[in-house]
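Each of the next two complexes has subunit A plus one other chain: subunit B in the first, subunit C in the second.
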Partner chain A sequence: MKGSSGNGAALLLIPAIAFIVLLFLYPFGYGLFTSLTLADGSFSLANYGRFFSDARDLRTIGVTLGIALPVTLLAVGMAVPLSYHMRRGVPGEKLITFFLIVPVTLGTVLVSEGMLSFMGPNGWLNQLILALRLADKPIRFTHNYAGVAISVGLQGFPYAFLMLLGYISGINPDLEKASRMLGANNWQTFWKVLFPLMVPGIAIAFCLNFVMAFSVFPSAVLLGQPSGPQRVIALAAYQWAFEKFNFNAAAAISMIMAAIELLVIAIVLGWRSKMYKGASIVGKG
Partner chain B sequence: MKDFKRISVRHLAKRFGEKFAVDDFSIEFGKEEFVTFLGPSGCGKSTALNCITGLIPITSGEIYIDDECIDDGRLSVPPEKREFGMVFQNYALFPHLTVRENIAFGLKLRKHAKSEVERRVAEALRLVHLEGYAGKFPAQMSGGEQQRVAIARCIVLEPRLLLLDEPLSNLDAKLRVELRHELKALHERLKVTTIYVTHDQTEALALSDRIVVLKLGRIQQVGSPQAVFSDPANPFVADFVGYKNGWRGKIEALGESGGKLMARVRTRGGLLEARLSYPEGDPRRSSLVDAYEAGKPVVSAIRPDDIVVGSGGGSNVFQCRAALVEYQGRACHVSASLVGLAGSGAGGLEERVDLRTTAGIAEDESFVASVHPDKVLFFALAEGAPEGAP
Partner chain C sequence: MRFRPRFGNALFMLAIAAFVFVVLGILLTVVLNSLSKGWYSGLLPKTLTTEWYKYASEDHDVPQLIGVTFVAAIADVLIGLLIAFPAAYALARSEFRGKSLLLSLFLLPMIVPPMAYGIPLAMLCYKLRLAGRIMGTIVVNLVPIVPFMILVLMPFIEQVGTNLESAAKMLGARRGTIFRRILIPLTTPGILTAGILSLVKSISMFELSYLVVGGRNQTIVVALFSDAYAAGARPPQAVDALAVVYFLIAMTCLLISLRFVSPTQMVFKLK
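And now, the complex of A and B:
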């Protein structure tokens, strides 16, 4: 930081720092502060105490994890083999990628609305199922767990897939050849060479997907039963803030959300460093 | 290791779309032999290598180890079952594994006892002079060290056949020579049957028992380093192993003297004499005879080192004017315009002479050079060969 050039370079950091301070640190600090005060401004842990002693609110943690964890695991779990098969490119790759990106660009609300009519009791999907005699009465895909999970999965899978596809196609193809030449079959090559090298990508994809899924809100409201089994934690925060106008209680819930997300991320990153010892020193594949 | 006597590749072909990357590729090699596939980029040498490993499915042809067919285009033994070892240009070490784990990779797959794995890894490390590197990761090592690990990773498995795909091409000049010496010593010690792919004639000459020269997927010549270097089969091979001075001309006289073929050829620069030691029955000899009888063009090939400044080098004496002088340490490479062969009247000025000399020649200087007829080669030009091609 000595010399004029060092100072000049440091100035370039200002927009980024300002951005982080204004859009992240300040709101986060404000939220933390709000969660630790009562409506009259006095400091208290009562907002947290209230959440943990309210059975209806406390349940939301389990409900949300119950959606976010399996859906994320499934999305990432499906993205790994699919990206593996597409690592050298396949015919129609652009089309496949296009259809994966569409739900992301349309947004959750539109996709959820679409699902309501397409997958509803009188929707095309159920009419097809009935016509093919796969079931004798319509299967419920909406206003239940399945509806929320499908919607969250549709939103999350493309991210996981595209991220892992980029990751795996960046792995030197000669590594696979080398592994084969040393006596490993495709299965062994995947587990001993490609998978360990994909672990960092899998960890990041899992974290991002999980955070998105854990803050599920529109899907739960539109496709679940928001008053009961699919009352997710984000909905609880919303209700405290905008139905009961208790921003302090809502802030406490969002802090708890953040803490749970950080906990899951910490577990995943711990797994990653256990799986991939060479990560810190291996720059090039 | 399963013992064997010969590996034979018969009429191997590999087609990508409409294009044959390798065509009618047949070669047989014995145990312990060191064979090099030599050719410019795009000649199919790496494709041929990958076909032999099984990493690329072949279009047609057969590969045999003694009587065991390992590939005939329909039934193919997968690469992991062929017991071959491969070394790559970019080393292809597993970046998430240590040197020890890299070398033990194949041994562990073969379910050897732990003590055996440790013993053999240590032995392999000693063989490539990397004791003490076992705990390092590939990214912590230099390119030369990484390539030695890659070699150790193969030889620790005692492969039936070791395939090296331009293993030295990513290294700097000094390391390349060092590792080349090591490869030679290693082969002399272990006697692993080896196929080596390179575009570098020095590597091919230094290492090989036999060289296979390739062009556009087809074998041009198979022979000892000496044969390929001093007795090239065609203008392409000649050009690739360092012959220059491809001058076109028509044969004016063709005769025999003392078992040698004497040719007098009218080139654009004048008359050029050659004493060719092509034996009876050599296709180069019969095609020259055909070209003489049909009045078809032929082309010369002379090494730059064989052209001597001054008229003492032989009976082919020519006037030149230096156009470009390139200092190369020991000698200078001179590109000159051929003014004319002495005593032949004015020739064309378009012909170029390439020679290497220690005589100090300045650019634009006119000088006399000569070449002995023994050092001049002539080849009949293939039908439709492009103008200017050697």
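And now, the complex of A and C:
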């Protein structure tokens, strides 16, 4: 019985394994190989050397981290208290979650396109700001850092929020009641009981959000200055591949992107394991 | 003590209101701009026109764009289900050595930025002459879809008890029959959820499609990006007209999907 079900499982897994090998591992390995060779096929580290010695390319790392890290921190940082507030539902919850999911569903391209008019110098946002006398002249939200950051944040915040909302509503409410019964106030209950339980969720939400923000591409092109201060690493990789047709250089940048990404994830998961030890107390309730 | 929750409530409502204002503002400006003429200042456009839609439809083969978008999205959902369902079943039902390793391997595409694996994948697509065809778009977008489907499907399969399956097996049903007559009907809600969520996601997938795009076989969101990128090549209102077409499609799919799923399911479910 056991043996047969094991074989069956192996058979059922074949399509998925073939899929992951052919469409993910193989391309990734091919990219790694390409990044370590030159156009004539000889092995070399020159593609990496070129990236790290080209000041214009090297600074894309800082530019991208400079967008992705603050935006992700802010998005997750805002999502934690807001999802905590909504953990037992609030009036109009359906409508609120609907508005949150809209920018995620529509995607960066439409959001960035719309931001160009809405947040432009004559857009509604600036008209409101001028009418409320918050500034004497229109504030620039487009074609600069703010534009890219807002556009990435508009995608990232709902994503983190809905993810944490799903997570927090799964935490056993008895734990909170117990904490209150033992005399803890709201603040203590949040910091000492709920927050530690939320840490694994926060860590994953941060990682997935960071992945999205780190490969920011359409928003940087449409809302930033893609040839200068907002030339992000994904754009550099794209330009080497499809504008200069140097696939070896492009592959090296892809590998560097993946390495930075995995490094950040490793740091976050390290923080998580330091913060969170009691796996069993999340409890199924 | 009573003051604090009220204060929290006000802050919460303020944050949500600001967010809704921005989202609605963005969408309404796109719609109004696509219908306006000479709207450079003021709260509302002075003259309304539909000429930008005419312009956009002469500029692009819009039915073709919509067709490619849907063909690619539906193909991704169907192929994705064929790959993900058996895998999710095997992962949900059987214990074997290396299971958690395999699961993390399946989820790996979620934590690597799409551009990082997308560029080598696109290079392979060019080599295999898949780029520029619908097939290329379908293939690249499968990569994020399948892990997502496995994650969505697994809890649904875990919920279905093994009793019915064992009974059917005892009565001599073969594996294929069990799948067809018992498992698939019982997990229909899960299949529906995974399918609908992936369909909504596929329609708006941009980065990977953009890397293998070519000629007439582009999805509507890729065409929209290229138009917006080449600002100046056409009036911004015409770009917004195409944006509205895309917005209507994505919104319709979202509204239909929300009859079956809740917004929290649109993001990865955390366990």
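What we mean here is this: the second predicted complex is superposed on the first by the 274 of 285 C-alpha atoms of A that agree within 3 Å, B and C clash if a C-alpha of one lies under 4 Å from a C-alpha of the other, contacts with A are read in each partner's own complex, and residues count from 1 in each chain.
Definition applied: a contact is a pair of C-beta atoms (placed from the backbone, for glycine too) under 8 Å apart; a residue touches a chain by one contact, two chains touch by 3 or more.
Bear in mind the structure is a predicted one, so any value in this text is a computation, not a measurement.
Of the two partner chains, subunit B is the only one touched by A:L182; subunit C is not. In the superposition on chain A, A:D174 contacts subunit B only, with no contact to subunit C.
By the touch criterion defined above, A:G62 reaches neither subunit B nor subunit C.
The partner of subunit A that touches more of its residues, comparing subunit B with subunit C, is C. By the touch criterion stated above, A:S215 is placed in contact with subunit C alone, subunit B being left untouched. Touching of subunit A by both subunit B and subunit C, each in its own complex, is seen for no residue at all. Listed in rising order, the residues of subunit B touching subunit A in the complex are 53, 55, 78-81, 83-86, 88, 90, 92-98, 105-106, 109-110, 137-140, 150, 153-154, 157. Of all residues in subunit C, those touching subunit A in their complex are 4-5, 8-9, 12, 15-16, 19-20, 22-30, 33, 40-41, 43, 82-84, 86-87, 89-91, 93-94, 96, 102, 105-106, 108-124, 139-140, 142-143, 146, 150, 175, 200, 204-207, 211, 221, 224-225, 228-229, 236, 239-240, 243, 246-247, 250-251, 253-254, 258, 262-270. On the side of subunit A, the complex with subunit B involves touching residues 172, 174-175, 177-185, 188, 192-193, 196-197, 276-279, 281-285.
Residues 5-6, 8-10, 12-13, 15-17, 19-20, 23-24, 26-28, 30-31, 34, 78, 82, 85-86, 90, 96-118, 122-125, 127, 154, 157-159, 162-167, 186, 200-201, 204-205, 207-208, 211, 214-215, 217-218, 221-222, 234, 237-238, 241-242, 247, 250-251, 253-255, 257-258, 261-262, 265 of subunit A are the ones touching subunit C in the complex.
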